[in-house]
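Going by the order they are written in, the chains are A, B, C and D; count residues from 1 in each one.
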Amino acid sequence: MKKIHGIFPPITTPFINGELSIDKLECNISKWNKTELGGYVVMGSNGESVFLTREEKLKLVEATKKFAPSNKLIIAGTGSDSIKDTISLTNEAAERGADFSLVLTPSFYKSEMKHDSFVKYFTIVADAIKIPVIIYNVPKFTGVDIDVETIAKLSQHSNIVGIKNSSENARQITEFAASTKKDFAVIVGTASMIFSGITSGAVGGIVALANIAPNECVQIQRLIENGKLNEALQLQQRMIPVNKAVTAKYGVAGLKAAMDMLGYFGGEPRAPLSQLADSDKENLKKILASAGLA
Amino acid sequence: MKKIHGIFPPITTPFINGELSIDKLECNISKWNKTELGGYVVMGSNGESVFLTREEKLKLVEATKKFAPSNKLIIAGTGSDSIKDTISLTNEAAERGADFSLVLTPSFYKSEMKHDSFVKYFTIVADAIKIPVIIYNVPKFTGVDIDVETIAKLSQHSNIVGIKNSSENARQITEFAASTKKDFAVIVGTASMIFSGITSGAVGGIVALANIAPNECVQIQRLIENGKLNEALQLQQRMIPVNKAVTAKYGVAGLKAAMDMLGYFGGEPRAPLSQLADSDKENLKKILASAGLA
Amino acid sequence: MKKIHGIFPPITTPFINGELSIDKLECNISKWNKTELGGYVVMGSNGESVFLTREEKLKLVEATKKFAPSNKLIIAGTGSDSIKDTISLTNEAAERGADFSLVLTPSFYKSEMKHDSFVKYFTIVADAIKIPVIIYNVPKFTGVDIDVETIAKLSQHSNIVGIKNSSENARQITEFAASTKKDFAVIVGTASMIFSGITSGAVGGIVALANIAPNECVQIQRLIENGKLNEALQLQQRMIPVNKAVTAKYGVAGLKAAMDMLGYFGGEPRAPLSQLADSDKENLKKILASAGLA
Amino acid sequence: MKKIHGIFPPITTPFINGELSIDKLECNISKWNKTELGGYVVMGSNGESVFLTREEKLKLVEATKKFAPSNKLIIAGTGSDSIKDTISLTNEAAERGADFSLVLTPSFYKSEMKHDSFVKYFTIVADAIKIPVIIYNVPKFTGVDIDVETIAKLSQHSNIVGIKNSSENARQITEFAASTKKDFAVIVGTASMIFSGITSGAVGGIVALANIAPNECVQIQRLIENGKLNEALQLQQRMIPVNKAVTAKYGVAGLKAAMDMLGYFGGEPRAPLSQLADSDKENLKKILASAGLA
């Protein structure tokens, strides 16, 4: 099995007039291919996955696989509350080239989504799909949070190989790493946590910022692995304000605007999201400049 | 256009061994047909809509239409974050017999889901679909809440005809009714709010409890409309504990267990939900008995 | 024992240059004395109680008692997490003329503040104080919410005579009224809930809006008691936007600004709160005018 | 000025029959004096400060100062929403021997507690008190969270010397350290964050766990400072389960029960809190044993 290690951008989905642009996707990927990114996450939260049809999703996986060199992992976000849909979409994504699936915790019935439900959901899914599962825990979007006991249990399943944890909680990352088997991949889900995550046992990051600052994200991890903690921390500190800007502050629209400013194709997010207001773009430009990115 | 008035159960979806049972659906509907319910909501939150495939959803709409008499409205829950999917599913549901669509507020990007996004989303959807939209606001499941200003604005659209509001906030119901045009239907989303909602300007309820206590739910509204407020309040008070049991306390599994106890087919919820533990069933039985339902 | 019925303003505390002004308090009370308000709440949330010293609090009770006619009840907000402080402050307030104490739920250790802790707290307090307790439940400030089972139990205590419930949840009000003994006073805590609360079993309101619109608040209740529900609902609808402005939107600073606009003394809130910005004052003026108050 | 560095227990307050026991406090402090703890925090959250009267608080400061050697810092929790009370209590605590004050963010009017209010509050307080202020940010108890921009601004004040931040958010710790002046002390507020905090720029911790495992807490920091990250991380991992038990899981009652198990005086918390149930004590004993503490 391919090993998960390093930094992976949850790639944005390029739209022109609201429709998928595979051409623009190719442009972006060809640029990222020149970096040391570990691979690509298609249909993550920053890929506006929830706005895509099933057909669009599969087209995206296929195209990403085609444009990426074979040493870059393809991870496809395929989870939804429906176990049936999750299994069928994952298996089709696998046929189009996905190496791993990133499966969101079910979340609609929030008060019922506890240990037993999570164990049941991920076990049924993992048993039925052809590629390994990375659990995707993102409380700010789902309103549910998965416990360390649940992850410890699920990590025993041979087809569940990791967790992307999108909170900024370092205690949680530390516990996930400490309570799972040796080669279970704990992955941070925000670039603000690369430093704390990697030092606490994580093996990489699936982070929005890697769309626009792939080298910096890779470098934080590498500096830590080379024992240069102070340099790593300084780079981490420099990246936090820009990461906040393209995630919590301005969201996907902000990330896409930053891509446009930095030589990628960003474009507009799909409705009902809107592109950034001009004044916000000005502010974003300053934040990028302060961080040495533009 | 058909007029929305009265009580509508968001009908549970019957599963046998995890698969749709149209036979059991027919049994339930034939019982409900004998009541004064205003119609049926298919694929609501209590219908485990998020666990169903597209094909299953359409099959359900078709069957419900077939089993219901023509004076009962068929309302289909068809909303998701994806505008494309929402439009295509709604239009197919309309072809299978849905009179109205119940469209959940988009919610994945919670911090972006404000006035402008909601207006954009519902306007695009309402413009493109063949049946009228009832907006579905349910903060406890979505983590987003729609403002009165947004509803006031959207109520101007000729194809947006109502809102199902699932909170217990009476101020919000009062404002929705006061700030929308005369025939815009404000609908409560929980049976605990029938009394307060109807007295404050709502025209009906889409309430889980109507699956098991259709007559009582209908009666609360009728007593109010006949000026018998004290009797209505007493019946409302009697229904609150059982409503809490089959919603907040025990969820869909509890509602289905109560159906089994009261002569309907409830059965098990779909995975990852689980059926009620025996001790919880015992407790539920007592609550039903206290409320005079069993 | 005096009976709790009607509308009570949680009176604002007048400051001049940051210090208590008893003169301005007298001006305000002399105006309110001409209305049908049931009495006055001193040291409620709108009285900036948390910013006052113990000496200031007692001075306020004494002055309010002095300026109010004997038929107006004096209710003093005396609760804090400390049982010792709550008891001693309540008993001193009683000596200065308070008829009732309004005791906030303890809330610092939120996760421990469940049924047993609330029962223990209020029982110890109620046993030790010389005037009856009204429980004060205000989740938006405290982050804790008291269950109906807890209120049902506490309502059995002879010295616990009511609850002020500051949420907008009508189901909760209905349950509190249904599950407590006949003369236990359920009181709404926001003017947006007078209509729903009184129709559902509440006996009155302790509401910020009564500082500036005492007659309208009293009138909503009276219309309901006289069977004029439609008129009551219309007046309630007219009051909601202004109530939102002087509570959720602009807070105490907004309430005080509105008082200044309407012939009362409002003045500035105490630090760290700030007075309203001029643009907000303009907007507030329009909201008051729309509601027919200015 | 004394320098803040190292680990400080927010010491529990010993009660016998609900009353302060200065004797038991002396026993505990004499044991802690033999460790490398940097000093003691009196009247922190774990000191049940909210249940104490003013007189009891001052007695505690005085006694702690008396029992501690001169090289241990005395930090007194003196903050409340009232600026007047905060100033007078802090100054009296200073006279009784407090070296620093730990001042909780004001929090009652949550929606108004933003940048301007925090700046105003802490500036007025810091200007008026005789000992330096450490800001105390603890969202889980207060429901408010202080922004990095606010801390950056307040850190410019000569009498504001640090922040105790009780969340588990590593991004926040990193930003606080990066955006404040060189000798501004960023202090973690939970033992689960010692590793992540110290590696990210914090200078120490005020952590409940230090009441029962002072040496282990000190050791995590020391190992990091000596470049032994792996050993530090392993010790951190070992401490997380016990830290969770004596904070989130069992609260102050759990911490006190653990003290009783480990040779300190714990005793019962003050009402309305209750001591741990026997079954919880059994479980706690196992957790302590697993962590090698008992």
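By our rule, contacts are C-beta pairs under 8 Å (C-beta built on N, C-alpha and C of every residue); 3 or more make two chains touch, one makes a residue touch a chain.
Just so we're clear, the structure is a prediction, and the values are computed from it rather than from any experiment.
Path length between chain A and chain C in the chain contact graph, taken as the least number of steps between touching chains: 2. It takes 180 degrees of rotation, in steps of 5, to superpose the Cα atoms of chain A onto those of chain D. Although chain C and chain D carry the same sequence, what matters here is overlap: shared residue numbers make up over half of all numbers found at their interface.
Inter-chain centre distance (chain B to chain C, centres taken as mean C-alpha positions): 36 Å.
The distance from the centre of chain B to the centre of chain D, with each centre set as the mean of the Cα atoms, comes to 49 Å. Not a single residue in chain A touches at least two other chains.
Per the touch definition, chain C reaches chain D in the complex via residues 45, 50-53, 80-85, 106, 108-113, 116-118, 120-121, 124, 140-141, 143, 248, 251-253, 270-274.
Residue ranges of chain A in contact with chain D, taken from their complex: 168-172, 174-175, 178, 190, 192-193, 195-196, 199-201, 229, 233, 236-237, 240.
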